Structure formats: C-alpha cells, structure tokens
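Both complexes shown next keep chain A, but they swap its partner, so chain B is in the first and chain C is in the second.
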Partner chain A sequence: MAFTLFPYLFLSLILICLGLVGILVRRNLVIMLICIELVLNGVTLNLLALNKFSLNGGAAGQIIAIFIVALAAAETTIALALIFLIFRHHKEIDAEKLTELKG
Partner chain B sequence: MFSDVIFILFWLVIAVFAALAVFLQKPIYNAFSMAISIFSIAGMYIFLGYEFLAALQVLVYVGAISVAIIFVIMLSPPVTVKPKKLNPFKVMIGVITSITFFAVFFILFYLKYYGSEFNKVENANISDVGVLLATKYAVPFEIISVILLVAIIGAIVLAKKED
Partner chain C sequence: MSENIKLATWVVLSPFLSLLVIGVFTRTYKKLSALVAIAAISISTILATILYFKNLYGLTAETHYFEWLITDYFTLKFGILIDSLSLGMMMVVCIVSLLVHIYSWGYMEGEAGLSRYYAWLSLFSWAMLVFVVSPTLLQAFFGWELVGAASFLLIGFWYYKPEAAQAARKAFVMTRFGDFGFFVGLLILLVIVGNLDFHVLNKLGTSLGVSPRLITLTALLIFMGIMGKSAQFPLHTWLPDAMEGPTPVSALIHAATMVAAGIYLIARAYGFFSASTFAMEFIATIGILTSFIAATIALVQNDVKKVMAYSTISQLGLMVAALGAGGYKAGVFHLFSHAFFKALLFLCAGSLIHHFHTNDMWEMAEKGGVKKMKITITTLIIGSLALAGCPPFAGFFSKDAILVAFEMNGKHMFMYLTLLISFLTTYYSFRMIFVLLSPESEHHDHKEKHHGHGHDSPANMTIPLIILAIFSVLFGFVDTPLMNGYFDKFLLNKHEVEHLHWSVMIKSFVVFLAGISFAYIQFAGKKGYREGFAEKIGWVRALLVNKYFVDDFYFILVRGLVYPFAAILNWIDRKIINDTGVNGSGNIVIYSGRFISSLMNGLLQRYLGTSLVILFILVFLWQLI
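Here is the complex of A and B:
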C-alpha cells in the first residue's frame, strides 16, 4: 500500500479540499491562514508523489518542493504581521467585519 | 505488512487532524492540530523516500511556521467574543464548492492512477539536488533568498508600533 500512488493522491486531495472549505467557511483570519498552510502541504504532497511516480524521484521535483516550503515561510511571515496589524487597529480579526476597502 | 499498518496510521492521523485544524473553534487548538498534521506529512515523505524533505518539513513547518502562528495567538490579548452564527448560505456554498472539486479530482485520480505502483528505483539523492541548486537553479535560489529577506524586513516594518 505504501508503494502505490493512489493513497498519496487521495490524501493530498483531502488536504486541499479541507483547506478550501476552511478558507470559504471560517471567518477568523488566523484559521484562514492555517487552512492556506494545509492547502500548500497538500499541493506539495501531490507534487512529490507524482514526481516519484513519473520521474522516479528526480531532483527537479525536490527542488520545486524546497521552493514551495521557502515561499510558504515568507507568506506566513507577512500574513501574520498583517493579521497582527489588523488586530491592533480594529481589535478583531473577523473577515466579515473588515469591509473598509469595499468603499 | 507492518509498514502498511504504519502507513495507514499516518494517513489517518493526517486526515483527522487536518479536519480538526479546520473545524475546531479556538484558534490555538487549530494551530496545534495543524502542527500534528504537518508533522505526520513528514512521515509520508519518508515513505516516499525523500529524507531531506522530511527533515525540512519538520524544521520549517513545525519548527518555524506553527511556532510563529502559536506565538501570534498567544501574544494577542484575550478577546471574549461569542462564536457567532455562521451564515448558512455561505457555508453551503463553501461545502458544495469543495465537494465538487473533491468529486471531480477523485474520479480523475481513480480512473487514471488507481493501482499503479512506483518503480523500484532510488530517488535522486541530496547531493544531486545540491548540485542542481547551485548550477541550473541558481537564479531562482537567489531570488528565493531575496524574497525571504524582504519578508523578514516587511514583517518587522509592518508590525512595528508607530508612535
């Protein structure tokens, strides 16, 4: 079972869909960020499983996975700083109530 | 046989804790559930044969990103807001979108890849990855380092208390 492709793809699909439903349904900015992390992990798992399947675990897929991890770190840093800033200004992080950009 | 049991265990831990990370009510519980789920994904990388990426996953995701999220949650002053009712229409739209996405890709993966096995070939080892990072992918590598620097400076500038 650990040497077949399908369980990995199924698991990555579960992670992506759970993250998607979390981004669409939950309204807390921190939880939405956590859901984005889940989606990124699902994407990386999918990429690495297919890299193992069709390229026999070649180096290019591993390099792209390293880039995804580094970009996720940068994205989380900026997003957390923004969430902290929004919290300090508005005293809440509910995405429904942050409507000032709507005009 | 034994490795199958371990594999199923990791699989279930990842799926269950990802669901908990999405649907629990307090952000600190969500953050810890996400940490456990992501830690177990490193086990999946071990099963696939990517040892370096598993180490990187634990170092960066569990050691840095989860800790940063938990820090932000713990540093914020407590707010006592009642969990308000979700708009059922929006919940329905989100769930339907996600289920449609899931169904389409599940059918695709099932028809195309069900039962296909990996080749019994060793992965490219980490020295190949290092050589490629320093030669062919040197420019993206440098750009990534600049992006990380910009993210650090940007986070400090954004979160600085203005007076």
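Here is the complex of A and C:
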C-alpha cells in the first residue's frame, strides 16, 4: 500500500476544523483548551507529513513539530492555570458569561 | 528726536507707567496707588507746562513717527505730533486731570476699589493724551477707543449698582455705534488714499485724484463717530445716563477727556472736514440742533448733575456748530474754556453731593446749609456765570467768539439760535443756583440742622475748585486785546490783534441779563418746589421731561427691529451652527464610537469567529489576485 501525502493532509485538515468548530461552539473553557490542542496536533501532523514527502529531505518539519509539542505542553499548563484562576475568581468557566472586556 | 518730542513722549507715558505700577505692584495698597497716580499725572502736568513755556507763542507742527506696519500699498504709523493745538489740548487735559485726581482723594475716601479707580483714571488720562498727540488718524482711532473703554470702566465703577452697570453699557454701545462709522470711514480712506497722516488728510481737498464725493462720504462717516463720542443728537442719550459714575469721573468725561475728543478730532482734521461743504453744513446743523435740544431738556431737570450733563451736550453742540460754520478758533477756544468751567461745575456738584448725599437740588435746598459751604457755593456761582456767559468770565469770551464766527460766516440764523440757547443756558444754570440758595425751611429741628452741616468739604476737594474757579474767571482774557490777542497768536500764529466785537458782546450781555432776571423772578427767595416757565405748558413739559422721546424711540427701535433680527440670528446660531455644525460633528464621533463599541461584546468566541471569517475573506481575496 503506497503512502501518499493526501490522507495525511486530509486528516490534519479534519483535526484543525474539528478543533476550530470546537473552540467556536463549545462554551466550556476546558473543552476549548482541548480543542486548541486538537488544532495544534493537526498542525503538527501537517508539518510532519510535509517534511516526509518533501523532495529535498531534511528534518526542519520534525524539529518544529518537537518544538510545538514542547510549547503546547507549556501553553497548556499556563492556560489551565489561568482557567483555574478564572474559576476561583468568578466561580465560572463558561466563556459566554465571562464578558468583562465588553466595550 | 527734538526736545519738544521727548518731553511730549514723557507727558504721554507717565500715566501709562502709573497704570502698570498700580496694576502690578500697588494694587493692594489703596493710598499708595492713589499717590502713584497723582504723582504720575503731576509729572505729566509739569512736563506739559515746561513744554508750554518753551513754546509760549505756539509752534509749527513737529512730528516723530514710529513705523508699525509697512506694506506695498500703505504704511501704518504711530507717533507724536506737537503743534499749538495739541499742546493747548495737552495742557487742558493735564490740568483738569490732575485736579480731578487730587479731588478724588477726598471724594472717594474709604472707597473699597480705590486702586482700581486710580488705575482707570490713569488709563483715561493716558488714552486721551495718546489721542491728543496722534499724528495719524489710526492712532487717533486707537486713543479714541481706549478713551471709550476707560470711560466704560469708570462710569460702571460701582458695577454692583444696576443703574451704573446699565449706564456704562449704554455709553459703550452708543459710542461704539458711532465708532463703527468712524472705522468704516477710516478704512475707506486707508484703501483709497493709502495714508492716514493728518497732514495728508488735511490737504486732501486740494490734491488731485480724490473725488469730492469720497471726501464728503468719509467726512460724514467719521463725523458719525464724533456724534457718538461728543454726544451729538441723536446719539446723545448716553451722556446724561453716564452721571451714574463717580462725580469726579463725570467732571473728567465732560471737561477734558471723552466728549472733548470729538471736538478735538474735528479741529485736528479741520482741513479734511472743510474740504466738503456739505459735510460742514451737516456738522453745523447737527451741532446747533443738539445744542438747542439739550438746552431745553436742561430746563426741567431736577438732578444737579443732569442739569450739568445737558448743559455739556448743549455747549458741545455749540462747539460743533462753530467748527462746522468755519469758526476754527471759536470752537477750539470754547472747548478749552468750557473744559475749565465745566470741570469746576461738576466738582462743585460733587462737593454738594458729598455733603448732602443726594443729587436732587430741591432736596438739597430742603436740607439747607448750602450757604454755609462758602467755597463750594462761591465757585459754583463762578462756574455758572462762566457757563452762562457773563462778562468777564471765560464763557463770555468764548461764546462771543462763536457768535462772531457765525456772524462773519453769514450764518445769522445760527447766531440768533445761539443767543436763544445762551438765554436758556443762563436761565437753567441760575434756576439751579437760586433753588440751592432758597431760604431754609423752619420745620427742621435744631438737631437735624446740626448734623454734619455748616462746614465745607475737605481742602483736597476745595483747592481744585479754587484753582478751576481762577481759570474760569481769567481764561477768557487770553483772546482779548488786553493780552494782545494772545490766543490768536498761540493757535493761529496770527499777529494782528482783533478788536472787540461790541455789537455781539452787547447782544450776548443783554441775553444774559434777561436769562438771569427771568430765573430770579421765578425762583429766587421762595421756598418749596416751584415750576419754571417751561413746565407750565403741558405739552412742552411732557416733551422735555421725556427728553423728546429719543430714548423711547430707541426702545421701540430695539424692541421692534433689533430684537427680532437678533432672534433670527440666534436661531441660526443655535440650530444651524451649534446643533448641526458643532454638535453634529461631535455626534458623528459619538455614534460611530458607540457602534464600534457595541462590537466589543466580550464574547471570546464571537471575536475568534469574526477573525476567522475575515481571515478566510482575506485568503480568498489573495487567491483572486
């Protein structure tokens, strides 16, 4: 079975779209964070696939992917901490009810 | 700069420096401010006297210019012009102003705003001196407006009294109304002639390329300013109201500054005005009309200051008429002599008011004790004799000069009118005197009589009265063969001595006797209120008491015409300029801001959704390109 680029890209597109839709429709901040992770994973998959199927070889995509993983870990930590603080402060993690930035 | 110019510069600058010093340093020290102002005007007077004695027989014009604005079309200049006319006027202004300054020390004692008062007196003197020495019409206009502003401030000195505030406003608005004409005339001259120097304007009639119509037009426009400033009919009604100010200020306004400015301007630009026959006729007619109207109104006034105010208008009318009829010397002579005796009369009135705390002559007579104020009543009688034109007081000779001027220029109508006015003047001045000297009524008990009566005003008030009385007695002689026709020599550099005009003198003396005896019969030696001949005829009385309905006419005019027009302008301003223009542009910002602000609803997902949609749109557009 020959591996082609298309399924990888399709999978990553599905992941990104699912993530985006999740961010847009769900109101729970934790779910939204998970969806952001989905988008990040989609992007990472995208990079890896393109790296594998690119003609000139090299490992730039893989390196970036490792970076993303590392950064995603850090980012998730911080985001979770923020969500935790928001919950402590407002007793609420519903994005629709956190409207203090309203103009 | 010659010596003369240097001296004149310091004469003018001295009151200005006093204004600055009072305004900046001594504002909180009342007595010190008064001393500064008195010292400054004394310096001016001393320097002016030195200047005068250096040029005892007059001098030809000496000018020094400072250029202010130079363009290709015209040059605007300030400067100092010293000739016989401005030197004489400078002397009069300085002397009267100095005496008023000294007198105010007593009259305004204990006044809270004394520093303010003296600062404005300094401003007034300075403004008038700037006007007097100005070699160009523009500087004259500046001085003119400064004089107006200073008189506004001084008439409204007791600004917390509504009448005083209103009188100040009226004076300012009416003179400004005339000044509008002055300014338009000045601009026309500036555009067409391109030079506002008096020596150029005075030769305008003989120079080529300037049409006589233009001269007539501008002369009439400038005369409009003079009508406002010198209280000529129909812009005269501010002057009697200006009596609301402190009495020394009235003396200053009526004698040396403010109203004298108009007469002085005609004399200063005499060549210019006389280039237009029509303008001169107009000026003379307005003058004599004003004189007659004011003299008749004065017949029924009961307020001593009002009597004097109307007599001022009447005398100013005579000066204007004399100048308009070609009597240059007569007009200027009467201006100078009038300055002395009118200042005297007002200061006497101030002394009486200071003593009795009322302006009404009947009330003064009722309270009694006028006779005990010996200096005041003597000087008041001297001033009235001078005003009425009794020989040999100052007014007699100057009025005589006016009569002679009318006769020589073939204006016999004017001469007889002037005699009639002289009769009225004598009558109303001595009506006042005889009423004041009425025998005291018995029903005053001893205690009331004792209260504050039986003494004259303090010395710093009576000394100026005495000095002015001396001037009022002696000043007239400068134009007689007794002094070799000194005034002609000084003002006109004319060396032959004019003989006395006996026929005119006898006429005017007879008129004086008629007036005084008429007043004597009706008013002397009686008690209580009594009516003069003018009050006995119903409709005449109504006409005079209502001052010929001029104020009512203005009232109707303002109500009927000015207010509706102002209402329209007000509507345009409010609805179109304010609501649409000013608030409109503000509202655009407010509503657009509110719209954008409504997008900021604080919903994270809405933000993200919007960004994504926009991103897609941008990518799509990028693809298209």
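Assume the second predicted complex is superposed on the first by the 97 of 103 C-alpha atoms of A that agree within 3 Å, B and C clash if a C-alpha of one lies under 4 Å from a C-alpha of the other, contacts with A are read in each partner's own complex, and residues count from 1 in each chain.
Everything that follows uses one rule, which is that a residue touches a chain if its C-beta (ideal position, glycine included) is under 8 Å from a C-beta of that chain, and two chains touch if they have at least 3 such contacts.
In this text the structure is predicted, and so the values were computed from the model without any measurement.
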| item | value |
| --- | --- |
| Combined model on chain A: chain C and chain B, fit or clash | fit |
| Contact breadth on chain A, by residue count: chain C or chain B | B |
| Touching partner for A:100 - first (chain B), second (chain C), both, neither | second |
| Which of chain B and chain C A:78 touches, first, second, both or neither | first |
| Touching partner for A:24 - first (chain B), second (chain C), both, neither | both |
| Chain C versus chain B - closest C-alpha approach in the superposed model, Å | 6 |
| Set intersection of chain A contacts, chain C complex versus chain B complex | 20, 23-25, 27 |
| Footprint of chain C on chain A - complex, ascending | 20, 23-25, 27, 32, 95-96, 98-103 |
| Chain A to chain B touching residues, read off their complex | 1-11, 13-28, 30-31, 33-35, 37-38, 41, 45, 48-49, 52-53, 56-60, 62-63, 65-67, 69-78, 80-85, 87, 91-92, 94 |
| Complex contact set, residues of chain B against chain A | 3-4, 7-8, 11, 14-15, 18-19, 21-23, 27, 30-31, 34, 37-38, 41, 44-45, 47-50, 52-53, 56-57, 60-61, 64-65, 68-69, 72-73, 75-76, 79, 81, 86, 90-91, 93-95, 97-99, 101-102, 105-106, 109-110, 113-119, 121-124, 128-129, 132-133, 137, 140, 144, 147-148, 150-152, 154-156, 158-159 |
| Residues of chain C touching chain A in the complex | 596-605, 608-609, 612 |
